[in-house]
Amino acid sequence: MLEFFNSTQTIHTIIIIGSMCLFFIGFYGIATQKNLVKVLVSFDIMESALFLFFIGLHYQVGLVAPIVDSNLKTFTNMVDPVPQAMILTTIVIGLAVLALGLSFGIEYYKLTGRNDISKMNELRD
Amino acid sequence: MVFQIILLIMLAYVVGFIYFGLYRNITARIQGRYRPTVYQSFYDSIKLFSKKQSVSYGWMFYLGPIIMATGAVLTLILVPVFSDSDFLRSVTSQGNLFVLLYLMVLGPLGNALAVGTGGNPFGVMGVVRGLTRLIGLELPFYIAVVGLIIAANSSDIVHIIDMQKIGGLNIINHPLLFIGAMISMVGFFGESPFDIPGAPQEVYSGPRTEFSGKFLALLMSQGSLFAFAKLVLIVDLFLGGADSLEMLVLKTFAIFVSIIFIGIVYGRYKVEQAVDFLMKLPTLIAVLGLARVVWFG
Amino acid sequence: MNSIFLLLNLLPILFLYQFEGALHVSLPLTNEFTLSLIQTPLGSFFAYLSLISFLLVTIAQKSKKLSFSYYALQFLLSLAMLAIVLAGDFITFFIGWEIMTWSSYFIISKSNNMNIKSLQKYILFSLASAFSLIAGIVIAYSFANSFDFVAISNSFESMPFNIKVALIVLFSLSFFTKAGVIGLHYWVVDTYSKAPDLFSSILSAVMSKMGIYGLFLIYGNIIGYHELKIMFGTMLNGTDFGYVLAWIGVATSIIATFKAITQDEVKKLLAYSSIAQLGYIVAVIGFGTSYGVAGAMYHTLIHTIIKLLLFINVAAIVAQTGKNKFSELGGLIYRTPVSFVMLLIGIIGLAGMPPLGGFASKFMMYNAAIDTKFALILIGMLFSGAASFLYCYKLVYGIYLGHPTSKSLESTKEVSIHYLIPQIILALLLVLTGAFPGAFIKVINPILKEFSLSTIGYDGLGVMQSAVGNFNGFFIISAFVVIFLLILLLIWRIKSKAKNNLNRFDISYCGEVPTADTSLHYGYGFGTELYRIKFVNAILKRSSSHFYESLATQTKKTSELFSRMYYGNIHNTMIIILLFFSALFFLGVN
Amino acid sequence: MSLGYYFLLPVIFSFLTPYFKKLGSFTLRGSTILLMLILFLQTLAYTGVTLPQISEFSLKPPLGIAFILDGYSLLFLLIFTFSALIVSFYMVWFFKANKGRDEARFYVFFNMLIAGSIGMILSCDIFNLYIFFEITGICSYALSAYNKDKLGLESGIKYLIIGLIASIFIVFAIMLIYLQIGTVNLGLIAQRFGQIDPKISVLIVLMLFIGFGTKAELFPMNFWAPDIYQGSMASVNGLFSSVVAKAYLFVFFHLFYLFGLNSKYMLFVMVIGAITFLVSEFTALNQTNIKRLFAYSTLGQLGILFMALSTNSSATVSGALFHLTSHSISKLLIFLALGILIHKFKSAKIDILGNFKSGFLTIVLAIGFLSILGIPPFSGFVGKILILKGFALTQNYAAIAFILLVSIVEAVYFFRLTAMMLDKKRTKISVPIGFANYVVLSVLAVLIVLFGVYPSLLTHYTDLATNALLHPTNYLNYALGVGL
C-alpha cells in the first residue's frame, strides 16, 4: 500500500493534481477578488502552485537532495539542482514584488481609504 | 495698307450706321410708330463729337471707350472682308478665330472698366448682367466656331473661306452650327430676347448712363464698326465670304435683317432666364452639329 | 535681413547658369539611397520659375518687418523646391516635397489670421498627398529595385497592368492634391486666404506648380506619353487617359470659376481662380501631344506670373487699407493708380485677353484640344474662360472701381515702392510673354525632346506655330498699341471740355441725390444672381466640405469608441489578458 | 571590461546610494552621471571590436551563466546607455527645480532599472533573463509610484499587478521549457526547440507571447499602459518609452527568431502589431492629457515596430531597428521637454502646449513631432522609408497602405499640438528651461537631425543588428560554447 505512494509516478500525479488545485484557487482569486491584498495573495498562491509543480516533477524516488554533505559524495544519484536554485530565486523575487505591492497598497489606502482595484480608475480615458 | 485700313474703317462706319438707321426704321415700321431717317445715327454721332461732356470721372473713365474702340478696330482689320482679293490680306493673315473670339470680349471689358469708374451703380448692374449673360451667350457660338475649326482643321478664317469654295457653304454643310451661332449673334447684337444688359426701361439707363460728348460718340461709332465686323465674320464663316462690295453688303444685310427680325418678335428674358435658355436648346443644337463634325465629319 | 536673403536667393543661379546639364550631383545617404540632383530642361524651367518668384516676393517683403525665422523658412522652402525640380531620384524628390510641406506650414502658421482648423486642413492634405506619393514610390521601387527616375522609367514597361494603374493613380492623387484639383481642393482656399498675404503668392504661384511639375515628371518622363498611349489606347487624336484627365481638369476649372465669382474675400477669389487656372493645365497635360505639353507649360508660366502679380497687388492693398473683402474696399483707383494699372494688366492676362501673355498660353491649349479633336473639352475650357471674365471684373471693380465703402479708404495713399517693383517687373514679363510666344517655344522645345515628342515650330520670336494656325503675338500687340494710341490721339485732338473734379455723388441716380450713407458700391455683391441659374446653382450649392467634415466626425467617433476600452479598470484588464490567452491557446492547440 | 560590469556597476552604485546621499546631492547626482557616462563610453568602445563578445561567469556555457553581446544587443545597449545618460543629466535640473524630493530613492531604482534592462538584453540564459525582467519590473513599479501621490500609487499598483500576471506566464513557460529540454541556456533551447511536442511548444510560445507581449504593450494586453504613463513623471515616461518598452521588445524578438518560429506566428504578430497601431493612434485623438496622449503614440509606434520586425526580411527589420532608435530618441526628447512644461504649469492638460513661450522648446518639440511622423530630414523619415521599402520588397502592399493611412490619423494629433504651440492668440507664459536642459534637449534634437541627414552613422549598427537577429548562428555558437 505504502509502496504505491513511494513510486515516482504516484508522487508526480499527486503533485500535479495538488498544484493544479492550488493554481486554480489562485486563478479564482484573481478572477473574482477585487481587494488588492486578496489579489496579491491570490497571485502568491498561483506562484506557489507553480513552484510546487516544478520542484515536485523533478523529484524522483531514491534520489537525494543536491547538498554536499556526508550522503553525497559523488555528483550522481541526486536530484537536478538547477530547478531548486531557480525556484529559490523566484521565491525571493516573488517576495520582493509582494512586499512592494503591499507597501503601495498601504500608502494608497492611507491616501484614499480604498483598496478595491477595480475602483482605482482615476487614470482613465 | 494704312490707306486700306482707313478705307475699311470708313466703309464699316458708313455701312454700320446705315444698318443701324435701317434697324430703327424697320423696328418703327413693325411697331407702327413714327420713324427717324436712315441717317439719324450719323447726325447723332457727328453732333456728339462736337459736344461738351457734362461729367468726367478721371482718366480711366476716358480710357474705357478708347479700349473698346481699339478692340473694335482690331477686330475689324483682322476679319477678312473680301475673300478673293489681296485687300488687307497681310493683316488678316495674322489673325485667327481664337484671337477674334477674345477680341470680341475686349470691348465689353473696356466698357465695364469705364462704367465701374463712373461709379453709377446702375451702370455696374448692367455690366454684371452683361457678363453673366456672356456665360450663356458664348456657349453656342463657341461650339459653332469650334465645330468649324475642326471641320476645316484650321483656325485661320481665310482657310475656312477657301474650304467653302471647294466643299460648299458651311450654312448648308453645318446648318446646326449656323443656327447655334445665329442665336448667339442675336445676343451679341443686343437684341431681344437677350438684351437685358442694356435694358433702358428696367435699369434706368443701362451701362452708358454717365457718358456724354465725344465719348458717347466714340461708343456709338465703335458699336457700328463692331457690328459690321461681326456680320462680316458670320458671312466669312458660314456664307463663304464675299468677293465684291455688293455681295458683302447683300450677305451682311441678310444676316442683319434676320437677326433684327428675331429681336423684334421676342420679348425680353431676365438674365438668368437667358442663360438658362441658352444653355439648353441652342447649346444642344450646336453640340449636335459639333458631334456631327467630330464623329462623322 | 531682407537684403541678405535676397542675395541668398540669387545664390542657386550660380549652379543653374545653363538650361541643361549644369548640375550633376550625387550624395550617398546610406548604402542603399543615393541622393542625386540632375538638371534637365523640365527641371530648369520650374527651377527658374521658383527662383524668380522667390526673388520677386522677397523684394516685396522688404516693405514688411519679418523675423529671421520667417526668412530662413522661406529660404529653406525655396531650396526644397529646387530639390524637387532638380531631383534625379524619388528619395530626393520626396525629401524636397516633405521639407516644402513643413517649412510652408510653419510660415503659414505665422499669419495672424490663422486658426488651428485651417492649419490642420493644410497639413493633413499635404501629408495625404505626400503619403500617396511615397506609396507610389515604394511600389515602383519594389519592381525597379531603385529609386532612380531612369531605372523606374526603364522598368515601368515590364510591370503588371494593375500595378501600372495603381502607380498612376497614386502619383496623380498626390499631385492633384497639391494642384488643388476639384474634390481635393478643400484645403486650398482656406490656406491661401489665411496665409500671410505675400506668402499666398508663393503658395499659389510656385507651390501649386510643384504638383504640375510632378504630373509632367510622371506622365512625360517616367511613364512617358507613348507608354500611356499603349496602356490605355487612343481616342480621337489623343489618348483615352488624356480624355479622362481632361474632363477632370475642365470640371475643376468650371466649378472653381463659378465658386470664385461668389467669393467676398479677395484672396479667396484668387484662390479659386488659381484652382481654375490649374484645372486648365491638368486638362491639357494628359493629351500626350506636343501642343498639349507646350500649352500646359505656357500656362504654367503665365499663371505663375499672373498670380504673383495679383497676390502681391492684393497684399499691398490689404497692408495699406487693412481690409480684405470686396464689401469693405472700393474706389481706390485714383488713390493708388499704379496698383490699379498693375492689377488691370494682371486681370487682362488672367482673363486670357489678347494682347498679353494670358492669351498666348490659352491659344496654345486650345490648339492642342483642336489638334486632338477633343471638342467638348475645348468648349468646356472656353466656357470657363467666358465665366472667368466675371471674377476678373469683380476683382478690379471690388477693389479699385466704384465707390469707397468707408471714410478711411478715401485717404489711402499709394502702396510702398517695394510692392510696386515686383509688380512692374511681372507686368512687363506678361507683356513680353504675349509679344514673343516664339521665344517661349524655343525654351519649350528641349523639354519636348526630353519627353520624346516632336518639336513645335516658331517663326522668329514673335510667332508661334501650331497645327491649326499661327499666332503672331508681336503683330497683335503692336497693332493694339498703335491703334490704341491713334484713337487716343484722335480723341485728344477733338476739343471739348469737361467739368473736372466732380463730386463722386454727382451721378445719375433715378433723380435722387445719393449721400454718403447711400450704398453705392453694391456691385461687390455680384455673383449672387448666379444662384438663380439652375446649372450654376447646382454647382455652387454643392461642396466637398460635407464629405471631409463627416470624415472628421467619423474619425472622432471611432476614436471615442476605441477610447472606451481604456477605462482604467485593472481588474478587467487582467481578465482580458487571461481570456485572450485562453482563446489563443484553444486556437493554437487545435 | 567584462560584460558583467554592465550589470554590476549600476547595482553597486545603487547600493552605494545611501552613502552618496550623505555626501550631498552633488555627489549623488554626479555619481549617477559618471556611472552612465562610463557605461555609455564603454558601449561606444564596444562598437570597435569584433562581435559577438562573451563574458562567462564561473563555468563555460552552456552549463554556466554568460553574457553575450552581439550586433543586435549592441544597438539596444547604445540606445539604453545613451538614454540613461541623457536622463541622468536631466534629473539634475529636475531635482534642482523640485527641492525636497527624495533623490536617493529615485537613483536607487533608476540605476537598478538600467541594470535590469541591460541584463535582459545581454543575458544568454532564459532564467537570468527572467530575473532581469523582474528587476526591471520592480524598479519600474517603484519609479512609476515615485511621486507617492494618488495617481502615482495607482499607476504603481496597476503596473505591479500586470507585472505579476506577465511574470506568472513567463515562469510557467520557463518551467515548461526546462521540463521539456532540461536546460535554460538559450543556445540549447534554440537548438532543441523543434524537437518539443508541437502542442507543448505552442503553449510555451503563447505563454512567452502573452508574458512579453503584455509588458511590451501589445493591443489586447495594453489597456493598462496609458494609465501608467499618465501617473508617472515625465522623465520616467521617457525611460519607459525609450528603454523599458524597448527592452521587452528586444527579448520578444530575440526569442522569436532564436526559436525559429514559422510564418504563421509571423503573420499573427504582424496583425497584432497592426491592430495595436490602429487602435492606439485612433485613441490618441481623443486625449486631453498630454502624457497619456504620448503614451498612446508610443503604443502606436511599438505597433509599427512589431509589424515590421516580425517580417523576417532583412530590409524591413533593418528599417524597423532604425525606426526604433529614432523613436527612442524622439520620444525621450518629447517626454523630457514635456516634463519642463508640466513642472511649470503643474498640469498635464494638452493646453499647456499652447501656453508656453519659448522658441527653443517649440523648435525641439517640433523636431520631435516631425521625426516621429517620419518627415524628412529627420531620423524618423529614414526609419519609415526603410520599413516601407522593406515591405515593398516583399510586395506586402497592404501593410504599406495600412501604415500610411494610419499615419495620417497620427498626423492629426501631432499637428494639432504643433498648431497649438504656434497659435499666437493664446496667452503665453515664458518657461525657464535651465542650462542642463538646453544641453540635453539640443543634443537629442541634433541627433535626430544628424541621423536624418546622415543615416549611415546609424545604418551601420542597424545592419549589424539585423544580421545578428535574423542569422543568429554566431550567437548560438557562443551560447553553446562552441567558439570558445
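As written, the chains take the letters A, B, C and D, and residue 1 is the first residue of each chain.
Quick note on the criterion: a contact is a pair of C-beta atoms (placed from the backbone, for glycine too) under 8 Å apart; a residue touches a chain by one contact, two chains touch by 3 or more.
These numbers come from a predicted model, not from an experiment.
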Using only alpha carbons, which chain's centroid is the nearest to the whole structure's centroid? C
Taking each chain's C-alpha mean as its centre, the one farthest from subunit A: B
Quick check: which two chains are joined by the most contacting C-beta pairs? B-C
Need the CA-centroid distance for the pair subunit C / subunit D, whole Å please. 45
CA centroid of subunit B to CA centroid of subunit D, Å: 79
Quick one: report the Å distance separating subunit A from subunit C, using the average Cα coordinate of each chain. 72
Between subunit B and subunit C, tell me the centre distance in angstrom, where each centre is the average of that chain's C-alpha atoms. 35
Residue ranges of subunit B touching at least 2 other chains are none
For subunit C, residues that touch 2 or more chains besides their own: 563, 566-568, 570, 572, 574, 578
Shared interface positions of subunit A, touching two or more other chains: 30, 39, 117, 120, 122-125
Looking only at which chains touch which, which shape fits best: line, ring, star, complete or other? other
Which chain pairs touch, all of them: A-C, A-D, B-C, C-D
Within the complex, which stretch of subunit A touches subunit D? 30, 36, 39-40, 43, 46-47, 50, 53-54, 57, 80, 82-83, 86, 89-90, 93, 96-97, 100-101, 104-105, 107-108, 111-112, 117, 120, 122-125
Touching residues (chain side subunit B, partner subunit C) in the complex: 49-58, 60, 62, 65-67, 69-70, 73-74, 77, 91, 94-99, 101-103, 105-106, 108-109, 112-113, 116-122, 124-125, 127-129, 131-132, 134-136, 138-139, 142-143, 146-147, 149-150, 153-156, 159, 204-205, 209-210, 213-215, 218, 271-272, 275-276, 279, 287, 290, 293-294
In their shared complex, at which residues does subunit C touch subunit D? 28-33, 69, 91, 94-95, 98-99, 101-102, 105-106, 109-110, 112, 114-116, 119-120, 123-124, 127-128, 131-132, 134-135, 138-139, 141-142, 555-556, 558-560, 562-563, 565-568, 570, 572-574, 576-578, 580-581, 584-585, 588-589
The answer for subunit D against subunit C in the complex is residues 157-158, 161-162, 165, 169, 199, 202-203, 205-207, 209-210, 214, 220-221, 223-224, 226-227, 279, 282-287, 359, 366, 370, 373, 375-377, 381-382, 385-386, 388-389, 391-393, 395, 397, 400-401, 404-405, 407-409, 411-412, 415-416, 418-420, 422-425, 454-456, 459
Which part of subunit C faces subunit B closely enough to touch in the complex? 236, 331, 333-334, 340, 344, 348, 351-354, 359, 362-363, 366-367, 370, 373, 375-376, 378-379, 382-383, 386-387, 389-390, 393, 396-397, 401-403, 467-472, 475-476, 479-480, 483-484, 487-488, 491, 494, 496-500, 502, 504, 506-510, 520-523, 526, 529-530, 532-536
